[in-house]
Amino acid sequence: MKKSLIALAVLTASGISFAQSSVTMFGVVDAAYAKGTGSLTDKTQLKNSGHNSSRFGVRGTEDLGGGLKASFWLEAGVNNDDGSGSGTSNNNQTAPGADPVINARNQGLTFNRRSTVSLEGSFGEVRLGRDYTPQFWTETAFDPFGTNGVGTNIAFNKGGNTGVRASNSIGYLSPSFNGVKVWAQTYMGENASTDAAKAGDGNAIRVTYDAGPLSLAYATSSTKQATAGQKNETSNIAASYDFGMIKLMAQSNKTKVTGAADIDGFVVGATAPLGSGYARVALSETDKAGVKSNLTAIGYVYGLSKRTDLYATYARVANKGGATAALNGATTGADQSSTGYDFGIKHAF
Amino acid sequence: MKKSLIALAVLTASGISFAQSSVTMFGVVDAAYAKGTGSLTDKTQLKNSGHNSSRFGVRGTEDLGGGLKASFWLEAGVNNDDGSGSGTSNNNQTAPGADPVINARNQGLTFNRRSTVSLEGSFGEVRLGRDYTPQFWTETAFDPFGTNGVGTNIAFNKGGNTGVRASNSIGYLSPSFNGVKVWAQTYMGENASTDAAKAGDGNAIRVTYDAGPLSLAYATSSTKQATAGQKNETSNIAASYDFGMIKLMAQSNKTKVTGAADIDGFVVGATAPLGSGYARVALSETDKAGVKSNLTAIGYVYGLSKRTDLYATYARVANKGGATAALNGATTGADQSSTGYDFGIKHAF
Amino acid sequence: MKKSLIALAVLTASGISFAQSSVTMFGVVDAAYAKGTGSLTDKTQLKNSGHNSSRFGVRGTEDLGGGLKASFWLEAGVNNDDGSGSGTSNNNQTAPGADPVINARNQGLTFNRRSTVSLEGSFGEVRLGRDYTPQFWTETAFDPFGTNGVGTNIAFNKGGNTGVRASNSIGYLSPSFNGVKVWAQTYMGENASTDAAKAGDGNAIRVTYDAGPLSLAYATSSTKQATAGQKNETSNIAASYDFGMIKLMAQSNKTKVTGAADIDGFVVGATAPLGSGYARVALSETDKAGVKSNLTAIGYVYGLSKRTDLYATYARVANKGGATAALNGATTGADQSSTGYDFGIKHAF
C-alpha cells in the first residue's frame, strides 16, 4: 500500500524533538457497485473493500536508541457503504462481530483489523495484541485479488474464528536470514484453568523465503475448538515468481477439523502490468469430500495515482457435489453456477 | 463552519511530496444545559449539539492532475454529554441506531454522518457511500437554527429512515451552471431480487439557484417502504434573501406516505448580525390531517472566535388536533404547549 | 504522562495561522502477559492497561484572547488485546458498557474516558460533558499503581455507576490559591421531573493542597440510587510526601450506601527511583462489615524512554469473613487467597 504520512514533530514536555519518531494516520476508503447473479436470487449493492479493505488507523514507531524500537498499530475496519465499523472477538471463540442486530445498524468502530504494541530490535519483533494469523497472510499474499472483492479465492478462510486474525496473541517475527523469515504466534482463549476444551487457544507458524523475483511460503496453525479435544488445523504452501511481464503465483491449502471431512483448496493466478495499471486472473478451488466449488476471476486495476485506483472484476463460480457457493450476495441452487462483478474506486490516505 | 487543518505533508514511498493533497482531522464539541417544560413532565439535561452537531471526522482530497480529484470523508456523530457514538443503518430499512440497549450506554462511534469516496472533475462529483439525502439539505439550510437544538424547525425529518441520510448511495453533484446546481442521488436497500417490496431503495434530486444574496432550492425524494408498492415521498421548496441587516428565509415541505394522511410543513425565519454575534428567530408548523404543532423559536449566538460560540435559544411549541409535541425531553398532554431552552457552548476544531 | 504532539498549523478559511491553538492526537497502547491464581480456578491472559490505561484521543486548546481559552477533550478506552472499545453510560444509572453480548466482541469505541468542552480563564475552568468524578481522582493519584493492573488498590471504586466517571456533568475547577484548588461537579441522571428517585443525579467536590513535596486531598460525593431516597455517598482523604529517595502515600476511603453496611478502605504505599526506573509497593484493604480483603502489591517499572516502559507487578490478596476477591480473572473460595502477576509493555504516543 502507498500511504501518506501526517507531518509531525514529536515533542517532549521539555520541547525536545525526537526526529526518529513518527505517528501516522492512515486509511483506505474503497467503494464498488457490485452485482451478483445466481439461479435463485440476484443482488445489487454498493459494497466496500472491493479492491483493498477499507480502514482507518493510527500507527507509530519510537526509536529507543541502541537499535531498539517501540511501535504500535491501531487499525479499524470501516464499512464505508453505510459508515458502520466491524466487530472483533475477545476470546477467539466467537466469530468476529457476528451479532445480527448490532451488525445491522449499530456496530461501532473497533480496532478489529489490528491493535498491537511491539518491541523491535536486531533480534526481530515481539508483537502483542490482536493481529493477523500467520497462515492467513499466505492466503492473501498469493492471491492475485488479495482476498478482496468478488475475485477473492474460494479456498480462503477455512480456519474458523481465527482464520484471519486472533485476539490475545503474542507473536515473534524474525529478521531475515538470507531471505528466510519466521513468524511464530500463540494466542489465548482466556478460559479458566478448569475448562476442559480451552477453546480459542492456538498456535501458528509461517516460514517464508524471498530471493529477488521468487517468493515461497509455508504456514500451519492449530486452534482448540469448543468441544474438548477438537481442533481446527490449517496448513498452506505457496510460491510466486515475477517474470516482469507477468507474475505467476500458486498456493495449496488443507484444513482438518476434528470429526469433519478435510477441506482441500488451491489457487493459481497471475498479475501483469497493462497500460496505466495491471490485469489479474485467478482460478481457485475448495473441495470438502466432493462438495466442490471452482472460481474463475479476471480483473483490471487502473491507477489514477499511487493512492487511487479504479477497478473492475468479473468472477464465476461453478459448483459440484451439492455445493451452493454464490457471489456478491446472490443465492444459487445446488450444482448451479453464480456470477458477479465489482466496479469501483479505492482511495488510500 | 470554520475548521482548522492539521498540517501535513503527504509523502509517497519514494519520498515525493504531493503539495496539492491534504488530510484534515476535524470536529465539533457542542454542549448545552437544556430544560424542557410540558404539562405532564419536565426534564433538565446536559445535551450535545444545541447549536452545531457534535462530530469527529477525517477528510481529504488528492489532486490527480488534469483537473481530476479523488476525495474521501469519514465523519462520526459524537454524543459528548456521555461519550457515546451514533448508529447508522446498513440497508435504509431500519432507523439509524435505534436499538435501545445499545443506545443507552454501548453505542460505539460509527461514521454515520458521512462516509464517502468521490471522484471530482469539471464534470462535477460522483460520490459513493453513506451521505445526506438531498431533500434534507434544504430542510437544514433554510432553517435559522440549522435543525440543531430546541429551535429546530418542527417540519423537519418526515422522510422516514432516509429522512436525513442514506446508506449505499450513489450521488452526482453537478458544477454550477450560472448559479444552478443539481444533486441527484440513488440509494439501495440491497434486497434480494425476489423481494417484492425493495424497501430502502430510493431516489432523490435537488436543484438550487444561487445569485448573490438570493438562494432558491427545490428537492424531492421517493423511498420504497416495507410493504410492496408503498412509498415515502417528500418534496420541499425554499428561498432566502440576505439584505445584509437581516437574512430572511422560508421553506415549504410536503410528505406523502402511501396509505397515510399527507404531512404539510413550513418554516419562516430570519437571522441578523447583532453585536459580536447574530440573533435568529423562526416560526414553523407541521400538520397531518389537522394534528398540528406550531413552534416559535428565538436565539442569540455570541462568537468568541471563528471556532467557538456561546449560544442561547428559547422555543415554544403549541399543539392542536390532539398533537403532543414537546421540547427537550418534556412530555405534554394533547393540545397542551411545551417550552424549552438551551444555553451552551460550541467549539469546532 | 509524557505525550507526543502532532505538529499542526491551525488555519482559518482565510489562511491565517493561530499560533496559540493546537490539536493533539494521543494515546496509550499497553499490553501485559497476566496470570491469576486462586483456590478454585486460575487464568492466563493477554491483558491491556497493566500499567497505564490504553486509550486513543484527540484534544485541543484555542486561545480566545484576553486570557480566555476554549478547549475540548475526546478520549476513548481501547482494549488492545482484542481491539474492542469500552461502553459508557448515558444517564449514570447503568454500569458503563455492561451488556455482555456487546462486550464479548462488538463493543465499538466510545469517548467513554472523557468527552468534554471547557471554557477557561483566570476564574478557573468550567467543563461540560463526561468526565472523571472528583473522588476517583484521589483514589488513583494516591495509589502507587495508579489503579491499573493487578496491583490496583482493593479499596478502589465503591462509588457505583459514577465511581470513576459521570456523564452529563458540569464541573468547575478553580485556579490555585496558594496551593489550594477546588473541583466541584454536578451530574444529571436526566430523569423526568415526576420521577421520585432521580437516579444518577449527584454532586461531588474535591479540595487539594500542593506545596513542594507535600500533597493533600479530600473529596466527597453523593449520588442518588434507583430507589427513591437512597444514596451512594463516598468520601476519601489522602496525603503524599516525596522525600526524593522515596515517595510515601496513603489514603482512607468510606462508602455509605443507604440500607447497606458501610465500606471502609485504605491504601498505604510508596514509590522509589531505582536504576532506570522505579519500584513501587502498596498495601490496601476493603472491609464491609467484616467481609474483608487485603491486597499486597510490589512492582518495578523500567523506563525505555519517556514514552515507553516495561513493567512487572506481583500481588496477593487475602480474604476474611467470607470474602472471595481474586486477581487477574482467577476465582478463589471464601477466605482463600489469590495471587497474580502482570508482565508488560506500555507505549504512549
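Going in written order, the chains are labelled A, B and C, and every chain counts its residues from 1.
Rule of thumb we're sticking to: contacts are C-beta pairs under 8 Å (C-beta built on N, C-alpha and C of every residue); 3 or more make two chains touch, one makes a residue touch a chain.
Since we're looking at a predicted model, the values are computed, not measured.
Rotating chain A by 120 degrees superposes its CA atoms on those of chain B, with the angle stated to the nearest 5. Residue numbering at the chain A/chain C interface overlaps only partly, since under half of the positions present are found in both copies. Chain A and chain C have centres, each the mean of its CA atoms, that are 36 Å apart. Under the contact definition stated at the top, the residues of chain C that touch 2 or more other chains are 6-7, 25, 85, 102-103, 107-110.
Considering their complex, residues 6-13, 18, 21, 23, 25, 58, 60, 62, 64-65, 68, 70-72, 74, 76, 85, 87-91, 94, 96-99, 102-103, 107-117, 119, 128-130, 167-170, 187-188, 190-194 of chain A touch chain C.
Taken together, the chain C residues at the contact with chain A in this complex read 2, 4-7, 25, 27, 29-31, 33, 40-46, 56, 78-85, 101-110, 304-308, 329, 331, 344-345, 347, 349.
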